[in-house]
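What follows is a pair of complexes built around subunit A, which joins subunit B in one and subunit C in the other.
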Partner chain A sequence: MIDQAVRTFVALAGEVGLHYDFLLSPSEVRPWIAGMGTTLLLVLLAIPLSLAAGVAFAAALTSGRPWLAGPVRAYVELTRNTPTLVQLMFAFFALNMLLSKALGGAANNPFTPFFWVVAVTGLHIAAFHAEALRGGIEAVPAAMVETAHAIGFSSFEVLRYVTLPLALRTAMPAIVNNLVNLVKLTTIGSAIAVGEVTYASIMIWTQRDNVLELMIVILLFFGFINTVLSQIGRYVERRLAVPGYGV
Partner chain B sequence: MSTAALPARGRAALGPAWAWLALVAAGFLLWTVLDARLARDLLDWLPYLASGFAMNILISVLAMSAGTLAGVTLGAMELSASRLVRAPAVAYVQVFRNAPHLVLIFATTYIFPFEIVVAGNYLPFPDWLKAVFGLAIPASAYVAEIVRGAIQSVPTTQWDAAKGVGMSRGQTLRWIILPQCLRRALPPWMNLYASITMSTALASLVGVHELLHAATDASTAVRRDDFTIAVYLTVLAAFFLFCFPISRLTRRLERRFAPR
Partner chain C sequence: MAQDSTARPILVELQDVHLSFGAAEVLKGIDLTVAKGDAVSIIGPSGSGKSTILRCINGLAQPQAGRITVAGTRVDTLRNEAERIALRKRIGIVFQQYNLFPHLTVLENITIAPTRILKVPRAEAEALARDLLARVRLADKVAAYPGELSGGQQQRVAIARALTMRPELVLFDEVTSALDPEMVGEVLAVIRELVRDGLTSILVTHEMRFAEEISDTIAFTENGRIVAQAPPAELFYRSGNPRIRQFIGGFQGYRDAVQDREGI
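Let's turn to the complex of A and B:
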């Protein structure tokens, strides 16, 4: 039945001059569908990494300890003001090469291109999360923090139970926005031959010269992921909303 | 009183980070100074790398100019009273804000022809110009949102108030509305410029001779590990030195224009 539907679709698209013939060739469709899976996997791994690292960076930035805030602030500025693709190239061609050397040959190196894409995009977006969360943490009224200290909360407990929960709420729109950018960033994986959806599509259009057709699908695919992401963001925002706090 | 305190706090926020950024830069400089061969190779390749970076800046300026022109139009269309005008602009912005820049660069590179015919003359349509269009598309979508937000941020009652004191529509626009819109729009517009500049590195993946492409050329020509590391660090440094001042200035403007 699916076969029949695909055949009908290819015929209909052909009528309006769009060539989706590759959908009928299993050897081309399989890596392409796998590419979509790889993109989803990249996104699903990079999102938690970016959130965890973002919270850690924000905690360091607002810790009030110069030896902790200083290097993290420097990292945040470096990351935000250099292209992610260059960071990925640097990580893959320089850091990965050094690692391979240290471990005695590329065969012993457990870090794959896939790993580097998750690490670089996740840590890049973490810097943006950290800025959003820092703003939220600093926006918590000082009296609230002082009260928490007064009833015996340690600095960590103040962060864990008072400032961070409130900061998460104010930073939610910015965080969702960053995550949408993260999804788009995963496409740079194609630069180091990670078989995500862009890379898989390049493989097809170099053979068949049907760039426009694949482009439409890619844009729909990313549009779909980002719509779902925004909806989840909006749902979480509504669920977490504290009546009377913030705007 | 509070306005005087604000910039000082902003500068203090970066305080210890300056020391760390300086430390990173000093470490890199020291490394190249101590290793004479590396320094010589880097200096040899520097003009080639610089010509690459000039391309990055050219692409970013052209893409941003085209994106701003189209974006202002789209932003105005988004606020039109007619749905027929509004709907296509809203759809365009929605689609291209969600589209990865890399995908758009691939799209324009492969879909546009390699030459165009103007009045019987064959004009070449080089890849770098296609990359300009590839980045102008998302830039226009973002500018449209910036413009829409800036115009909406001015309460409509100000039009009525200006009319009340005897100003014409043109005068109101020129002296009351536009100055406020510009203040709202300038910081995000500058952020967008920095972001588009960083995205120009993506053009290397479609074979445009820009900085990252030049660095890859240099690294494959010299074929030495220390040089590979140094040359990619140079690329990072070039983008940082260009984008960081823009982002500092943006933050300063944001603070100055912040509604109080």
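Let's turn to the complex of A and C:
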């Protein structure tokens, strides 16, 4: 049934000069489909990492404690102002190498290229989340914060129950923007041979010279993920909306 | 209104409290005593330090000199957050701008402190919240968000929120100053009832008629000092201080309007 549909599609595409013949070769299709799965897995792991780290960074930046805010500020500036691809190369070739050495050989190093892609993209986007959330936290009126303290909340509780929930609402559009970027950013995994969808596609087009055909699929694939992501973002925004505050 | 304040224990005592913000000396030696069950109003011109006195009492502002004692706790010597939290759990405060949490419903605004800070079970906290909302006549607004309420309604929720920790003392900081005139009465009515029920309270207010009616003592501040402290009748009508007579006099016309509005 599916076989037949694929055959028909390949034939029809052939009519207009697009060569999807690789779809009929299981040994090529399997790693390619797996590549899509890898991309989805990268996204599903990096998104929560970026959000958790973004909240932690924002908390540190607004803590008013220089020993906490200072290093995080330095990290945010460094990661925002340098290319992510270079960061990944650095993490994988320099940090990973040092780790391997420290652990007594690459065989003992549990960190895979896949891990480094999740870590670098997640923590890179976290810096952008942190800035968006910091803006939201600082936009909460000082009187509101003072009231929360007067009620008997600790600094952490003020953040947890008052400023962060309000900041999240203000920062939501920027955060969704960052997540859309994160999804696209996972393609840098191809630079260190993580078999995500672009890497898997490169493997095919170097043999078959069908770059255009695969590019079309890659564009549709990422377009689809990000459309879904944006819809979820809108839904969350609507759910969080409260009468009389900000957006 | 309490009858003989001298017979009851002292709840709040300020002795020679000095506070400066940078070069600006805001409090220049404040002495104030509040007995349990008393309602004390602080009146006086803007910028005379009225609100700062309240902020010192619950540890939001730290005086440079003087002693502040609230129910046996030395407020001026509190040095860390944990000590201040222990104090603030026992003192309710209501602000001019209500400052309700906009992302929480009316019920959540009232239950968040007892459930998160005192770890009171949710059902118990909600039962108390509903009682308090009935007292401030907002039982039907449980599920509303602050943004859906009028200023007067928000301020009454803020009063309920201040009562939710069963405080020994409630501070009211110009709670009607941001309200439209027609909403002042409903808020004052709630406070009047609380004071009659024996709540110890300190009120910074510009509602002279109201202060006169509910207070056991009125303190008149000017330029960082309490220049007079007396029962309302004495301070309002028998004060020999020309500055006080002038200040009260300035409100005379206003007082008639207040009287009309409250239908007293």
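By definition in this document, the second predicted complex is superposed on the first by the 246 of 247 C-alpha atoms of A that agree within 3 Å, B and C clash if a C-alpha of one lies under 4 Å from a C-alpha of the other, contacts with A are read in each partner's own complex, and residues count from 1 in each chain.
Basically, a contact is a pair of C-beta atoms (placed from the backbone, for glycine too) under 8 Å apart; a residue touches a chain by one contact, two chains touch by 3 or more.
The model shown is predicted, which means the values in this text are computed figures rather than measured ones.
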Simultaneous placement of subunit C and subunit B on subunit A, clash or fit: fit
Subunit B versus subunit C as contact partner of A:Y161, first or second or both or neither: second
Touching partner for A:F111 - first (subunit B), second (subunit C), both, neither: neither
Partner chain in contact with A:S190 - subunit B first, subunit C second, else both or neither: first
First (subunit B), second (subunit C), both or neither touched by A:H149: second
Subunit C versus subunit B, contacts on subunit A by residue: B
Subunit B versus subunit C as contact partner of A:R169, first or second or both or neither: second
Which superposed partner A:G244 touches (first subunit B, second subunit C, both, neither): second
Where the C-alpha centre of subunit A sits as vertex, the angle toward subunit B and subunit C in the overlay (nearest 10 degrees): 100
Lowest C-alpha to C-alpha distance for subunit C against subunit B (Å): 18
Contacting residues of subunit A [partner subunit C, same complex]: 141, 143-144, 146-155, 157, 161-162, 165-166, 169, 240, 242-245
Subunit B residues within the subunit A interface of the complex: 13-17, 19-21, 24, 94-95, 98-103, 106-107, 110-111, 194, 198-202, 204-205, 212, 215-216, 219, 225, 228-229, 232-233, 235-236, 239-240, 243-244, 247
Touch list for subunit A against partner subunit B, complex: 66-67, 69-71, 73-74, 77-78, 80-87, 89-90, 93-94, 97-98, 101, 180, 184-185, 187-188, 190-191, 198, 202, 205, 211-212, 215, 218-219, 222-223, 226-227
Interfacial residue positions of subunit C with respect to subunit A in the complex: 58, 60, 81-82, 84-85, 88-89, 93, 95, 97, 99, 101-103, 112-113, 116-117, 145-148, 161, 165
